[in-house]
Amino acid sequence: MQRPSGRAVDQLRDVRITRHFTCHAEGSVLVEFGNTKVICTASVEEGVPRFLRGEGQGWITAEYGMLPRSTGTRMGREAARGKQGGRTVEIQRLIGRSLRAAVDLKALGENTITIDCDVIQADGGTRTASITGACVALADAIAYLKEKGLVKGEPLARMIASVSVGIYQGVPVLDLDYPEDSGAETDMNIVMGNDGGIIEIQGTAEGEPFTEAEFAAMLALAKKGIADLNQLQQAALAQ
Amino acid sequence: MQRPSGRAVDQLRDVRITRHFTCHAEGSVLVEFGNTKVICTASVEEGVPRFLRGEGQGWITAEYGMLPRSTGTRMGREAARGKQGGRTVEIQRLIGRSLRAAVDLKALGENTITIDCDVIQADGGTRTASITGACVALADAIAYLKEKGLVKGEPLARMIASVSVGIYQGVPVLDLDYPEDSGAETDMNIVMGNDGGIIEIQGTAEGEPFTEAEFAAMLALAKKGIADLNQLQQAALAQ
Amino acid sequence: MQRPSGRAVDQLRDVRITRHFTCHAEGSVLVEFGNTKVICTASVEEGVPRFLRGEGQGWITAEYGMLPRSTGTRMGREAARGKQGGRTVEIQRLIGRSLRAAVDLKALGENTITIDCDVIQADGGTRTASITGACVALADAIAYLKEKGLVKGEPLARMIASVSVGIYQGVPVLDLDYPEDSGAETDMNIVMGNDGGIIEIQGTAEGEPFTEAEFAAMLALAKKGIADLNQLQQAALAQ
Amino acid sequence: MQRPSGRAVDQLRDVRITRHFTCHAEGSVLVEFGNTKVICTASVEEGVPRFLRGEGQGWITAEYGMLPRSTGTRMGREAARGKQGGRTVEIQRLIGRSLRAAVDLKALGENTITIDCDVIQADGGTRTASITGACVALADAIAYLKEKGLVKGEPLARMIASVSVGIYQGVPVLDLDYPEDSGAETDMNIVMGNDGGIIEIQGTAEGEPFTEAEFAAMLALAKKGIADLNQLQQAALAQ
Amino acid sequence: MQRPSGRAVDQLRDVRITRHFTCHAEGSVLVEFGNTKVICTASVEEGVPRFLRGEGQGWITAEYGMLPRSTGTRMGREAARGKQGGRTVEIQRLIGRSLRAAVDLKALGENTITIDCDVIQADGGTRTASITGACVALADAIAYLKEKGLVKGEPLARMIASVSVGIYQGVPVLDLDYPEDSGAETDMNIVMGNDGGIIEIQGTAEGEPFTEAEFAAMLALAKKGIADLNQLQQAALAQ
Amino acid sequence: MQRPSGRAVDQLRDVRITRHFTCHAEGSVLVEFGNTKVICTASVEEGVPRFLRGEGQGWITAEYGMLPRSTGTRMGREAARGKQGGRTVEIQRLIGRSLRAAVDLKALGENTITIDCDVIQADGGTRTASITGACVALADAIAYLKEKGLVKGEPLARMIASVSVGIYQGVPVLDLDYPEDSGAETDMNIVMGNDGGIIEIQGTAEGEPFTEAEFAAMLALAKKGIADLNQLQQAALAQ
């Protein structure tokens, strides 16, 4: 089996994390997983949504979108159609839930951080790139809150990252690009913390069901990939 | 650790599957997982959605809803609010995707089966009960198509079932009811075929990340639970 | 003239009223008019809508829906289409208006009772079955408020019930089922109190206009039918 | 009892029917019931809605709206709020249903006439004025179709008109204006043909239920009022 | 070049401004530019929108609509389609912005005046007629506020009016009607104050770009037309 | 008067035009007017919208959006709110109309080019930057059509560009950035072709009306600015 990109089965695409990509947001990151490019911003607002008022804790929420021509064929603009599609809703719920696992919401105080992940170019793995980039933007936004004295203690509980794994032509592979993704038998997205804990697993058999052994092989690949991504996040934050 | 319901850690709730629950649908099932009650119907229509025309295959799609007072506090009616919430969208996508894995879409021919899962009473696990009940309704709808001579061959590739597992007070448990679900540290929904293959895994750490060992324990519980559910499905279909 | 069901012209279908049908609502009734089956729940909330604040009175409101496959052909789900159809809006306004006539809103105090009528199987007369069943659920919800000491006095002013009448093949008949309803020349829905007062009359000539004599004959049938329904309501409440 | 307007109990307001009020529509009428003023247009289009294609018959449909400041206090514009309210939906369904009873849809051929009733000034009875005025606009539109040779035979089966009746301070009265309407115990709208047949009756007890005797008294008033309105329609069409 | 209407190139259509056209609004004007007829109302409400609270100033906002059959072919009703079209949004923003330039918002105090412009018959130039008529309705609403002692000082800073100009068959012309508008090479709408100041210019080349000389010729025509309109406004207000 | 940026009154911001910014679109440009950054893509599709079918011509349409955190304070995402705001609608109509003036639609044949302008960072002048950048993307998309032999002749009639001008502290200035824009007395956006023709003028007095002399001064600045932008467009296309 030869991957379309020529990569080894356990090899990530070239990953780049550019901080301070736009100038207004408290955290702003351009994350690139090969040709997949996502702008991730973290916006700080005082206060919390109504359902949390008076609970003495903060909130993290996320929204996701794709520019209409981020893909090979132009997709209709969700704002023009008047609603977000099912895939968008599912992805932004995943991003928000995952990033809440990166944060000690009590330590955040009554502040809300809104994550926006906007895909400007898509080539597979946009949700995993989004989570990985957004966690860096989130770290910058939390640093801003600490600098301004708006939080005490440390709201950032851990760094998290995410990668996809799948079975492509019978072989487990790491970090699927679009040609692999559209032909994969099984597709799994995993989110883990830099402490090795599992935060989210979403695996789907596209055609035939998969076995526990295949599952185990994919999980092993994901652990390696996420460890690599954690290092790239640290390197970006160290600059 | 004592489960609120007094069940053993690997014990399902009382599960009942009632076929022919309403009279119009080609497949109509009331599924009960304890106090969780869902009406699952399968509706047959000739033809396929636009994106599949001329492909010589069929389609399975699903919609999910909860009656406003299926829950302890009345929820706003989605039809009145003018849109389906994110949780609804996520669940109905999961149901549809899972049931497509039960079917050989080529053998189905250019027919569409629409699954409706409507929760009339909720006590945790509505999505797993929905999938389990809907597969029986689907089997009835496929039997209808065969009887009428509208399909040749066998579109039903396998029976599938679904159950939740979780970590409750530090202990892995099977088939969480609402009191367990709302206090669980980790919640995982698994869909498997009666051939033991995995179709979907969705696991989420609600608070702290979970370990691979915890994951393995939950997966073992799920396999047992789904085997039990497969037997109940077969018994219902045999009547 | 032979009715499709073989019933006498002044004969109701078999009517069953099952209280405590689901477990969460303060009032929960399954009402069956032959093959028409509707779940009616009454949900109590403290407080009133904005337009009544400070008026020292309560409010009754209603919502109506049909499960997509409650009918012979699957209907699109209103939540998915993003709006309630005209027929739904008209019916839920009728249900709410009628039930407000059953209640002394001053005696209800600043409480709101929301009625949900969800049709799980349709065979004509869903709005009349809904009103008849909902009034029993309403009585249970008011009993709950009295038991909890949340109201003083008696908010239930009268029991109300509803039935359809029509001209079928030139003959006035009571309680039309779907085969009669779809062929009727005139269709009328009447809501009356158990004190014999008229609360709502809605009569429509489907084809030719109808005469005063026909109107009088239909009204006489409706009075008889509603008296029968009042007895069935009382019997259900007495259990 | 003195009516606020000083009218006799069986006296209509001053009614004026102005044809050719605007220049583009095939039928265009300004109808005035005292201070209630409605522009009614009838627009002819070839073809029928999808559900009637190939049935060899025509269709009549209606839409209703109020200018935001047709009322004492400005109402939000429905187009801006993004949906039509329940009252609007109910009224436009009534108008369409009533006018279909004025027409032989087979004789209309595969043509659609759309009625628009737009209230420019409201003082009670907007729906009855709308139906009364719209039938004149409809007659003009049908005359247009006949003149152009687009229909054969006579699609206009009868002229229809509508009026409200009610119980005001214990006394049955005809054609309620806003001060009466807002204080009435019972409010009924009746649509009748010029042949004396009843097309629609919608009666609602606002507070206490009403009796059959009260109903009969109101019906007698309505018959007189509608006969008067039929004459005014004929006079307008004769000009 | 002959204008379709036979008018001189610098000649307005017959313009009529009828005050007190409907009875409920604080200002109500029917404005006619030839066959274009628009009902303009100005509604006074105490208070200001949220974004202005506590700023010690008032607000003017506008909404625009067309009756479905104000045009040659019936347009879909925006309330039924569930959203206002792009042209509507653009026009109502223009009307609101222009009328704010007629008012000293500080002197208005914390009051809001909502302008509604509803086109009952269209023949080109509906937006310019709307602005011209609305300013008279606005003046009446401000007079009402002064009479009631609800404002001190003079909120009306100037009267404004608007007219269209264009290049029709190579010749600059004033106040285009529909036959001219649909064939014009360039179309420009200008809003000016009665002090000669320019408030808004919106010029669009429909086909070929236009030159500065053409622009200057159109501007000169507009100045003349607006001066004429100012006089007609004054005459109407003097009655 | 000192401009906040220190620029001369007739000086553009640093303008950069980067072609081939994303990889999927037929034309893809990042345009920067100082800190304002917009991704402009041009997407080619065969066929035309319904209203143009069979007319033997093509179509150009445009959509505009801002990333939620392209601005100093996060704006709500239009896709999440379920509708595009009035400002968005107005801008995208302007972009589409302007670019149609750059193209010979007959020569384009039955092809549609959709322009998407997505603001990733905003600092004033997003609509003028969008038009200027989009015209370069459009030129690339047309070159693609010519290369593929999908059009004959030359659909690109002219290059167009756009710039804002305004009166800032009493002085006419070119290309306003956000600090100037939010304080300007008058704001005008002008679109011109590289042949010097005017395509669109939209000028608005924010506070006091402006004079013809001010208008003339602004127009002169705009002509200079657009000539500079035309050169930058040509330089970009020459690379």
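To keep things simple, chains are lettered A, B, C, D, E and F as they appear, and every chain counts its residues starting from 1.
FYI, contacts are C-beta pairs under 8 Å (C-beta built on N, C-alpha and C of every residue); 3 or more make two chains touch, one makes a residue touch a chain.
Which protein is which chain? UniProt says A, B, C, D, E, F = Ribonuclease PH.
All of these numbers come straight from a predicted model, not from anything done at the bench.
Any chain that touches chain C (Ribonuclease PH) and also touches chain E (Ribonuclease PH) is listed here: D. Note on connectivity: the fewest chain-to-chain touch steps from chain C (Ribonuclease PH) to chain D (Ribonuclease PH) number 1. Fewest steps needed to get from chain B (Ribonuclease PH) to chain D (Ribonuclease PH), stepping only to touching chains, is 2.
Comparing each option in E-F, D-E or B-C with C-D by residue number, the pair that reproduces over half of the contacts is E-F.
The distance from the centre of chain A (Ribonuclease PH) to the centre of chain D (Ribonuclease PH), each centre being the mean of the chain's C-alpha atoms, comes to 59 Å.
Chain geometry summary: the mean Cα position of chain A (Ribonuclease PH) and that of chain B (Ribonuclease PH) are 28 Å apart.
With centres taken as mean Cα positions, chain F (Ribonuclease PH) sits 51 Å from chain D (Ribonuclease PH). The distance from the centre of chain A (Ribonuclease PH) to the centre of chain F (Ribonuclease PH), with each centre set as the mean of the Cα atoms, comes to 33 Å. Shared interface positions of chain D (Ribonuclease PH), i.e. residues touching 2 or more other chains, are given as 82-83. Listing the residues of chain F (Ribonuclease PH) that touch chain E (Ribonuclease PH) in their complex gives 83, 86-87, 89-90, 92-93, 97, 101, 158, 188, 192-193, 195-205, 207-212, 215, 219. Contact residues on chain D (Ribonuclease PH) toward chain E (Ribonuclease PH) in their complex (touch as defined above): 22-25, 28, 35, 37, 39, 41, 43, 45, 63, 65, 67-72, 74, 77-80, 82-84, 88, 114, 116, 118, 120-122.
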